[in-house]
Structures are given as structure tokens and as C-alpha cells.
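Here come two complexes built around subunit A, the first alongside subunit B, the second alongside subunit C.
== the complex of A and B ==
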């Protein structure tokens, strides 16, 4: 599934979107960075309530397709700057983390 | 193939408490491995383990280095720091064990999964530590 379809379906607000023509192969939702590192697949879209710069570092390490900050939380300024520098798609949404994960699941994405 | 073994060596500095730069050393390591054409699976394992080790320096220690050595057969990551050291290594290796402060836990670090992640990503892992001096972790990753 393309990132563009997900962004549209969930009505995500793009903060950094170098390209939405990116294949998303799985999804993951977690606020624990070690959990994401251990379990999220390369190419996953990751939904979280974390907003600090290190979420972009994690996305880079795993070649994630993108990061969604859920629950109406605003990313830190340096998070946005880092996402731009590293070309990591970053979205925000008012939708809760629970609902974002549910919608991604409904679209057919799985964590494995 | 000819008999000259291509090998490379890089060293990156890591500063304790610097969360804005945390992960940069691991990101450099990963980019180098991509440039030399290492395979995706080994890059993922090295990236995860190196990031966890680098974060441990940022979270728990004062200052350190990430050293990358790679040749055709294997990749070696050594993360060496000046810091409090790990008093009981076996205890520290227990999944869920963490001494990270609340401020760091709120960021989603400090789940006590870093050392277990590093162990499961690497083919070999050795920890040497002296209390109030520092910690050295050496991880070997073999090409499958």
C-alpha cells in the first residue's frame, strides 16, 4: 500500500512529506523505542505519542516508511528539522493512537 | 576474488546526555555499511544493536566512542565509554531491568530492553565494565 493512500485515508496532516509514493509494508504502534527497534519491520509506518527528535533516529535506523504522531501532539521543532534532513515522512493527527492503529489495521496492515 | 581483504575502520564520538545528537554515530555506521553494499539483513542487525549501545552511552554514561571495523566476513562494533560502569552485568542483561531516570523513561527509553536487543542482534557480545570507570561492549556480526 502506498503512503499516499494511508495519508489520505486517515486524513493525516503532513509535516514532512518528501514523497508519498512510498510502499508501506507493515504497521507498528508503540511509545517504547526499544520495542520499536526490536519489533517494527523495515518499511513499516510507525504510530506513536512520542514527539522528540529520537523518533526520527529510530525511523532512520529501521528504514521506516514514515512516522505518525497521534493524539493531537505537536512534534518538537528539532524533530521536524531532523525529519527534513533525513527525508523521513512525518505526519500528525488529532486521532488517538488507538484509533490510528485500528485504522491502519483496517486498511490491511499488520505488524508482522 | 583477489586475496586483498577489503577492510575499513571508523570511529565516532558520543556525548552523554546529548539527546539531540543521539543516534548520529549509529546513523553514520549504517550509511557506511550501505555504501559498501553490506546486505540488508546484517545492516538491520548492526543498526539496531549499535543504536541501543549508543543510546546507553547517552543515557547512562558521560562520554564514549563507537568504533566500526568491517571486512568481507564480519562487522565488529565496539562501544567504549567513560561512565559509572555496570556493577552486575547479569542483572543488567535481564529484560526489563533499567536504572534509567523517569525523565528518560518518559521519552520511551529505559524499557530495559537495550542489552537484550543487542545480544539477540549480534552473533557474539562481550561486556567489560569497571565501576566508576566505564564500560566496553564488543559485538560481532557475521555475514550469513
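== the complex of A and C ==
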């Protein structure tokens, strides 16, 4: 599934979208970055309520397809700057983390 | 230079090893045992051979002044502070020299504690404010067991502005430690030092968590009951027992240093 389809389906607000022509192979939802580091797969779209700059570091390390900050939470300025610098797709949405995860699941994504 | 000022200059360059346990809860914290009253905390610190302790209840410093008073004449320096819970859920040890500084942070913390539906917070009657002899004064009505809405950067900036030091608490602990929550120690802000829990040694921490780098590591008891006080401590080589000296020790200035016991 392409990132563009997910962004459209979930009506995500792009904060940084170098390209939406990215293949998304799985999904993950967690607010513990250590848990994401340990369990999320390369190519996953990750939904979280964290807005700290380290979320971009995690996305780079795991080569994630993109990051969604859920629940109407605004990312820190340095988080946005880092996403731009590292070319990490970053989206925000008013939708709750629970609902974002549910919608990703409905689209057919799994965490494994 | 007068003889007096010369002596002061020399004194400032001479360091003393101080036994420090910079993370002690009182009975104000809902998780703190009822025995954690000022005179007994000071007595336990004396028995443990501590030279400097810090009082760090969750999101509050309402018992810190009482412990400072209880320690008068004991030879033990008490630093007032609190353990702030950031919006990310990170526990952050925030320490000061004067009670007024801690109270300035407390005001911001109280203003940003997250709200719950009325009546849903059930810890108020486990949050005891006491006097220096340990006598009951009142219940603390604030929701101090909950997180604040301040992120870690805001806590750091506020503490720095007031002249305190922020040390992430028990960085190895799951759920409340900075590494579990943020995956690694962030590059910014410029964190002076890190605290580890009793479950790990400084050497193990540096191996397990490479992002710790060469930052100084503090071992404190995080005591919630009397017998825990001083079970872990850190030896601070400083000219005086205050927060700016702790910061200098973290940076290794003028022979000052943070030594693991």
C-alpha cells in the first residue's frame, strides 16, 4: 500500500511529505520509543502521541515509511526541522491514536 | 588581595568528598511510607553517613522546607526539589538550593497537572503535608501523582531559569525512565547528569545504553521508606554543597567530580 493512499484515507495533514510514493508494508502504534525500536518493522507507518524530536531518530534508524502524530498533538519545531532534514514523512491528525490504529488495521496493515 | 579573600579563593579550589543521596520521598508522595517524616528522614540520613540529601516528592515540594528545618544543626545539607513527571511520562529530578526556587517550579507544575473528572483522583488523603517534627498540617489537594502537561524541554528550561538542576530519574526503569520513553538520551537539552535505579550499576548502564555517553551518573536511593535512605549514594567532590557546585562537578571543573560509590 502506498503512503499516499493512507494519507488520503485517514485525511492526514502533512507536515513533511518529501514523497507519498512510498510503499508501506506494516503499521505500528506505541508511545514508548524503546518499544518501537525493538518491535516496529522497516517500512512501517508508525502512529504515536509523542512529539519529541527522538521520534524522527527512531524513524531514521528503522527506515520507517512515515510517522503520524495522533490526537491533535502539535510536533515540536525541532522535530519538524529534523523530519525535513532526514526526509521522513510526518503527518498530524486530530483523530485519536486508537482510531488511527484502527483505520490502519482496516486498510489491511498489520504490525508483523 | 586581602588574606581573607585569598583564603576564600583557595577554599573554592579545594574539594571535599560529600556522600549524597539526592532522591528521597516523604509521606507527601502517595507511594511514600507514612514513616517518611522529617526528623526520621534526617536521623536515617545521619546513620547512613550522608552529607547532603535532596527531598524530591512527586510534582510537589510541600514537605521540603520541613525537612530542611529538621536538619538544622545536624550537619546535613538538605536540597529542596521535586520529581516532575513530564507530559511524555518521564520522571525528572529537579533540585534547588533554596525553598523559594523549588516553590517557583511547584507553582508552574501545579498549574499544569492534568485534570481528571471530579472525584476521580483518589490519592489526596494519602498526601500528607507535615511540619518539621512530623506533625500533620494538612492533606495536599493537588493531583501530584499525575503527569504535568509540560514536555521535557519546558521542564529543563524552567529549572535552568530558576537556577536548579534537572537530572532524569532512574533512566533504566520501564515506563517512567527517559530511555524507555524516548528510546535514547536526547541530544538536547544539555542534560548535566543522569540517575540510575538500584537495579543496575553505572558500568552496566553505560554498556546497555550507549546514548548515556560520558555523562556523569548519579546513584540515589529513591527512598520511599526509612531503611532505603542511603542504600545507594553518590560521592560528590565539591567545594560546597550546593546546586552550582553539583553542576561544576558534572562538568569536572577544578577537580570537582561525580564519583560512584
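What we mean here is this: the second predicted complex is superposed on the first by the 112 of 112 C-alpha atoms of A that agree within 3 Å, B and C clash if a C-alpha of one lies under 4 Å from a C-alpha of the other, contacts with A are read in each partner's own complex, and residues count from 1 in each chain.
Rule of thumb we're sticking to: a residue touches a chain if its C-beta (ideal position, glycine included) is under 8 Å from a C-beta of that chain, and two chains touch if they have at least 3 such contacts.
None of the values given here were measured: they were computed from a predicted structure.
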item	value
Combined model on subunit A where subunit B meets subunit C, clash or fit	clash
Which of subunit B and subunit C A:62 touches, first, second, both or neither	first
First, second, both or neither for A:5, with subunit B first and subunit C second	neither
Contacts of A:37 with subunit B and subunit C, given as first, second, both or neither	both
Of subunit C and subunit B, partner touching more subunit A residues	B
Subunit B versus subunit C as contact partner of A:54, first or second or both or neither	both
Which of subunit B and subunit C A:78 touches, first, second, both or neither	both
Of the stretches 25-33, 187-195 or 241-249 belonging to subunit C, the one that collides with subunit B	187-195
Common ground on subunit A, meaning residues reached by subunit C in one complex and by subunit B in the other	31-35, 37, 50, 52-54, 57-58, 78
Residues on subunit C engaged by subunit A in the complex (per definition of touch)	88-89, 151-153, 175, 179-184, 186, 188
Subunit A - residues contacting subunit C, complex	31-37, 50-54, 57-58, 76, 78
In the complex, subunit A residues that touch subunit B	30-35, 37-38, 42, 48, 50, 52-54, 57-58, 60-62, 78, 86
Residue ranges of subunit B touching subunit A (in the complex, touch as defined)	19-20, 22-24, 26-27, 30, 40, 44, 47-48, 51-52, 55, 107-109, 111-114, 117, 120
